[in-house]
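Pasting the structures here.
Both complexes below contain chain A, partnered by chain B and then by chain C.
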Partner chain A sequence: MEHAFSNRPTKAKTTQNIAFWIMRSMTYTIVILATLIFGTIFIKGGSTVFQTSFPFVNTTFLFSKPETLHVVTSDGNKLQMGDKEWRAYSEKNPEAVIEDHKTYVYSAGGIFPCIVGTVLLVLGSMTIALTLGVMSAIYLSEYSKHGLFIEWVRISIANLAGVPSIVFGLFGYGIFVIFFGWNVSLLSGWFTLAFMVLPVIITSSEEAMRAVPKGFREGSLALGATKWQTITGNVLPYAIPGILTSSVLSISRVAGETAPIMFTAAYVVRDELPWEVSKLSDFFLQGVQALPYHIYVVSSKIPQNEYTARVQWGGAFVFLVVVLAIAMTSVVMRSKMRQKYRW
Partner chain B sequence: MPIEQPTAKKMPVNKMPIAEALRTVQRPTFLGITFDDAMHYFFRGNATVSILVLFLIVIFLFKEGGGFFSQNVQNLEIYRKAGLEYVDIVRTRVDNHRTLGRFLGELRTKQLNLLHGDESALAGYDAAVERFSVTIDEYQGFVSEYTEVATGIKEKFKIGLDMEVAKQNFQREGKFEESGKIVIPEIDFATETQIFRDSVPQIKVIDEKFHTEVNASLESFPAMPSVELQPQLEKFKELVKLHQEDVRTMEKSLTEWNWQKPIPWYETFTSFIFGRNWLTASFWQDWYGIIPLFVGSLIIAILSIAIAVPFAIGAAIYVNQVATRHEQNLIKPYIEFVSAVPSVVWGFFGIAVVGQLIRTVSELGVVSWVPFFPIAERLNIATASCLLAIMAIPTIFSLAEDAIQNVPNAYTESSLALGATKFQTIWIIMIPSALSGIVSAIILGLGRVIGETMVVLLCSGGRIQIPDFSKGLGIFFQPVHTMTGIIAQEMGEVANGAIHYRALFMVGIVLFFISLLLNYAAQQVVKRYKISIG
Partner chain C sequence: MSTTLEKSANQKKKEEAMSINSLINPSMESMMTETKPKPIIEIDNVDFYYGATKALHGITLNIEPKKVTAFIGPSGCGKSTLLRCINRMNDLVDIARVGAGQFRISGVDIYHPSVDVIELRKRVGMVFQKSNPFPKSIYENIVYGLRIQGINDKKRLDEVVEKSLRGAALWDEVKDRLHDSALGLSGGQMQRICIARAIAVDPEIILMDEPCSALDPIATAKVEELIHELKTKFTIVIVTHNMQQAGRCSDTTAFFYLGKLIEIGNTEKIFTNPTQQQTEDYITGRFG
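Moving on, here comes the complex of A and B:
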């Protein structure tokens, strides 16, 4: 069936096919690698968090405090116990022959205080960042005129976005912990994290507000509304879904960062839960345990073996699931939004 | 016609002509500011926050870090005044001698391989090595003796400093009586360091003996068992000659050594920026040189970008140009999804899996021909770079994909219309047009990688040293420490206001300016090389 217009292979076409296959393989390498990594963490961590019997979720791991793990051979039986259990056991069996007693810190119990701490950090810092960020965005999109001031604001935002998170940590330590004297506390952590995500929130909120058609504003102004009435009545209501969507993504960043809270808010271990305080001001001025910092501690300060793997992989799994769920929410919300708001 | 507010303020509405009164809007004011104006200023104030934060970062980094240089001057001064510098000059000889000894050890292994493990044939060689290595013994005795002296002087000085702090504290609290009681002992450095100057003749005697003995020991080396190794012995002899040369110049610097010699003003800066040692909490002398950390950060960043760029750009082109709509809708969000994974999880994964994986691979028989395999440390530059590459891919991918998306359709359409294949269009038209965007994506990715903390802290091995560049590609399998890692690791252990604390803030300042620089570079690339659409 050879004819002049048949799909004959030429040099250019062969090159194209080879090049496309190379690029395709690169793309799928990334996808497969990422899937493998997620899979490893899900399988290894899932065995800690889930169980085969009711309630199918390991509630001790999710809802109790970290403890030291004791691994002992008592009267020939190999036992693994948490700290409390171990004390009760040694009181009950004083004559037991204890051999080969090893302890691993943080390897028993669960990660409840870390989850609580992370939630508190995210709530506080997002409140601060959203307030400041949305206000700035309103100015940038509704009031600003070209000029030196706006130029400066934009340069600052662009540069703030590139500052490494550890530098934010140093800054937070210098200003909040030392200069304001808040010490290592929730409050210091909130402000440090809030300033870190501020540029992201400003940029995305501004985008969301600019997406509201100009006609909405003009219609409102033409009917005699003031600028304030226009913004609150005809711009913000339509922009808020967009602002929230993009903000969800910055929640995953706030929840995931370790470096800024290392010296501003996080404790390695703390016996009381955040709400176990004597007076209200203590609540804000207390350090908390946080999930990312806890993962750092258990992966660097204790050895890697069969006894510690449980808490290491379990912690990483819970953390990853939380952060990815937040990111997933953002992606789903965004696609829903695109379908809903069309003007 | 615009509303004229001023007239409205001057004249009550009921006295105006009707037409004008209808056009006038009266709003409640407070101190002459309407509610709308107030909101305007309020929002404007909020917009100032980002400028303010950037300023505060600069101010507080410099406030905490700025004192470093004056404290470092003191650090360097006491190094000289207490004679530590003097002892270190002699110590250099001992260190150089040891390095030469190691060279001889390597040579011995090579000979042994050649002789199939026949130890007895090496008796002559071993005797010569022994003879060579004992020549340094007297220096060693000298160093350990005078180390004590110098540490003693430094200790006295430190006690004086502590007392001064205590005295100032008393004075601040108004307890002048107590502060008067503290008498800070004057340290007479001239007498204290006399002992060093007195030791110069002794050193000269040792030097003479050293030269003759070394020469004699060189004579005693037997010929190598094979012709191929002979040049190595010759090389060794040349190195020894250089070593002796060094000893002679050092003799001169020892004679000229003077505790009073002032430290040049720029020394405190150069010792930080070009210092090759980062040594803290040592009993001898602390050094704060950023080079080992900077080099560590740089090598890791460059390697990870080198790994990430082909994948990220390849995927960006594929997803944007080649992929079907279904593929696009799945792959793009998935890769962006990867960017949400927290860095500490990557770091943990590196410690738990990747490091061991790289080591296991390097121990396989198949790759045993690679000179630096199997690797010694599982946490090294390569481990950290692999993980950072995975982290950087989504960043570079998204930005590069945007850049490709922004290439005007007319460009590609005209290329296709002229009969070019799709790949030719991509290669010749699209990539050059999007190049500025792609380059700026790479620069921003580099910025992200250099500033990344947790992965390098957990996976780079944490050894503070400049990697050995002589190892070729093996350099990528050495452990290093990084700028971000050192801050995260040591910040929790230092006392506020101490020189070490300030040094860490200085590292933070360097990081801050690197990030500003990269940001600026990325913006300039886009601005300058943007192809105008028209």
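Moving on, here comes the complex of A and C:
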């Protein structure tokens, strides 16, 4: 039935429908791609990390150091074992007939030192980045006056955020490793990574500070508080949830970037775990293994085969879980803070 | 002839009158000072600028202690600006400066370099247009000003909380939930929390910038009643948009227009018999 409001096709409606379908299919494509990426990692990595028998997780992979894998045919039996196991075996069975002895580096054992190294790198660099970043943000939002100099500072910060991570790596190498003489160490890596995320942390912390209502500052100052008391007591606490939001993104960046730590903190392999040091200062001046760098090494620096694939996917899986866990911690902290300092 | 005589007689009378005047003047002055107490705030020929824009033009006025003085005038005429000069809140605005003149409180030039603005603000409290309770408990809101002075003695704080909340006519409404967030209160209660917070540090002067502009009539009435009680202890300067409010709760009213003080005087007189045409136009609602 035709009436005044009956639905008639118009050009505007057709355009709208086409645009709508393009956008919808784009969104679906992204969802599919993300599912594929995560799905592959979870399935392939999951088969390394999980097992069907008790305790259902592969504790060797999670809690031991990387080892060389030995694949041999001994007395006609095909065997696979790690370096240590192999030595014990050959001592026990000196007369065994060994054929087809092949070795594959890093393909046995686990990735424990890499997990530890990545966690240490994240904790240290985020501590440094947040300390420096929040202090700069306080200065910029509360103390600085508008002017050419501050404008210039802001532009520098914005530009710094666009610098590729490899450049930060080279910068860290030049300054911390060589000039300060810290060598390839946790300390060098911490500062390099911290500088990499500093622009983002400063900018978003400043935004978080500015988002705190003016009334909190005025109310406090009008009661005779000093500026510092006002900032620490009545502005910063309410900005912390916002600051933590930005730090969640920075955590994934710090954990994931390989280029900045390649020259400054990461070792391909290291026999001692980070806490196996004789004195405290050595702790800061030691290099560490790190998950992204380890994945890079096993994926591109050694001959590829079915045994290295196991470590690659397992490493990627654990890496995602570690980043997720650290990020979740800060999300939980944020919601706690939000409850405490709600406004 | 007679005219000259008369003239000389007139002149004589005038001279006599003058001499009498000069005789009685001193005693009259002393009488004046007895009835008119020394002003607590003296604003002396003040020019005020935001950058290059002059926001206040040669303002001169005195504010008496333990009285309510209302600033009225159309939006943008500089009431808030003048008010915020009295506790130097304008220091927070980068481009703001006092170009000329003096603000004196109890005779002290408050813009003198030797003045500690922290001490000044402890003695000159402020209540803002937009009520701004901190997102803390009611209790912590009230004791904020004491805690920043380093006073943490529980007994002392408890006393101050009760006294201030009673002073702000809020005690009975909130005494059972002192440790709940102040943000859970109604608009009027929040504004009275801000008043309680201001009186907790025991100031001499309380500045209020349109404290009722966001409140409903009932909450407004409560705050006005409170202002009436507060003036026994404090000197109150209130900016208001609301003519009736100025009429109801102030003793003295100052009318501003375009950054100038047009008229100041006894509230009743300003409202019934203003000397300036502009004041009358504004009060009768012909503009503003």
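Simple rule for what comes next: the second predicted complex is superposed on the first by the 315 of 343 C-alpha atoms of A that agree within 3 Å, B and C clash if a C-alpha of one lies under 4 Å from a C-alpha of the other, contacts with A are read in each partner's own complex, and residues count from 1 in each chain.
Note that a residue touches a chain if its C-beta (ideal position, glycine included) is under 8 Å from a C-beta of that chain, and two chains touch if they have at least 3 such contacts.
Quick caveat, the model's predicted, so the values are computed rather than measured.
In the superposition on chain A, A:Ile22 makes contact with chain B only, not with chain C.
Shared-chain residue A:Leu140: touches chain B; no touch with chain C. Shared-chain residue A:Val57: touches no atom of chain B or chain C.
Once the two complexes are overlaid on the shared chain, A:Leu221 sits against chain C while remaining clear of chain B. Of the two partners chain B and chain C, more residues of chain A are touched by B. In the overlay built on the shared chain, the residue A:Ala88 is in contact with neither chain B nor chain C.
By the touch criterion defined above, A:Asn234 reaches chain C but does not reach chain B. With both structures placed on the common chain, the touch criterion links A:Ser252 to chain B but leaves chain C unconnected.
When both complexes are overlaid on chain A, the residue A:Ile43 reaches neither chain B nor chain C. Residues common to the contacts of chain A with chain B and with chain C across the two structures: 226. Residue ranges on chain A touching chain C, taken from their complex, read 145-146, 213, 215-226, 229, 233-234, 238, 341-343.
The touching residues of chain C, counted against chain A in their complex, run 87, 89, 92, 94, 118-119, 121-122, 125-126, 128, 130, 132-135, 144-145, 148-149, 181, 183, 194, 197-198, 201.
Of all residues in chain A, those touching chain B in their complex are 12-13, 15-16, 19-20, 22-24, 26-27, 29-31, 33-34, 37, 40-41, 132, 135-136, 138-140, 142-144, 152-153, 156-171, 173-175, 178-179, 195, 198-199, 202, 226-228, 249, 252-253, 255-259, 262-263, 292-293, 295-296, 299-300, 304, 309, 312-313, 316, 319-320, 323-324, 326-328, 331. In the complex of the two chains, the chain B residues touching chain A come out as 27, 35-36, 39-40, 42-44, 46-51, 53-54, 56-57, 60-61, 63-64, 310-311, 314-315, 317-319, 322-323, 331, 333-338, 340-345, 347-349, 351-353, 390, 393, 397, 421-424, 427, 444, 447, 450-454, 457-458, 484, 487-488, 491-492, 496, 504-505, 508, 511-512, 515-516, 518-519, 523.
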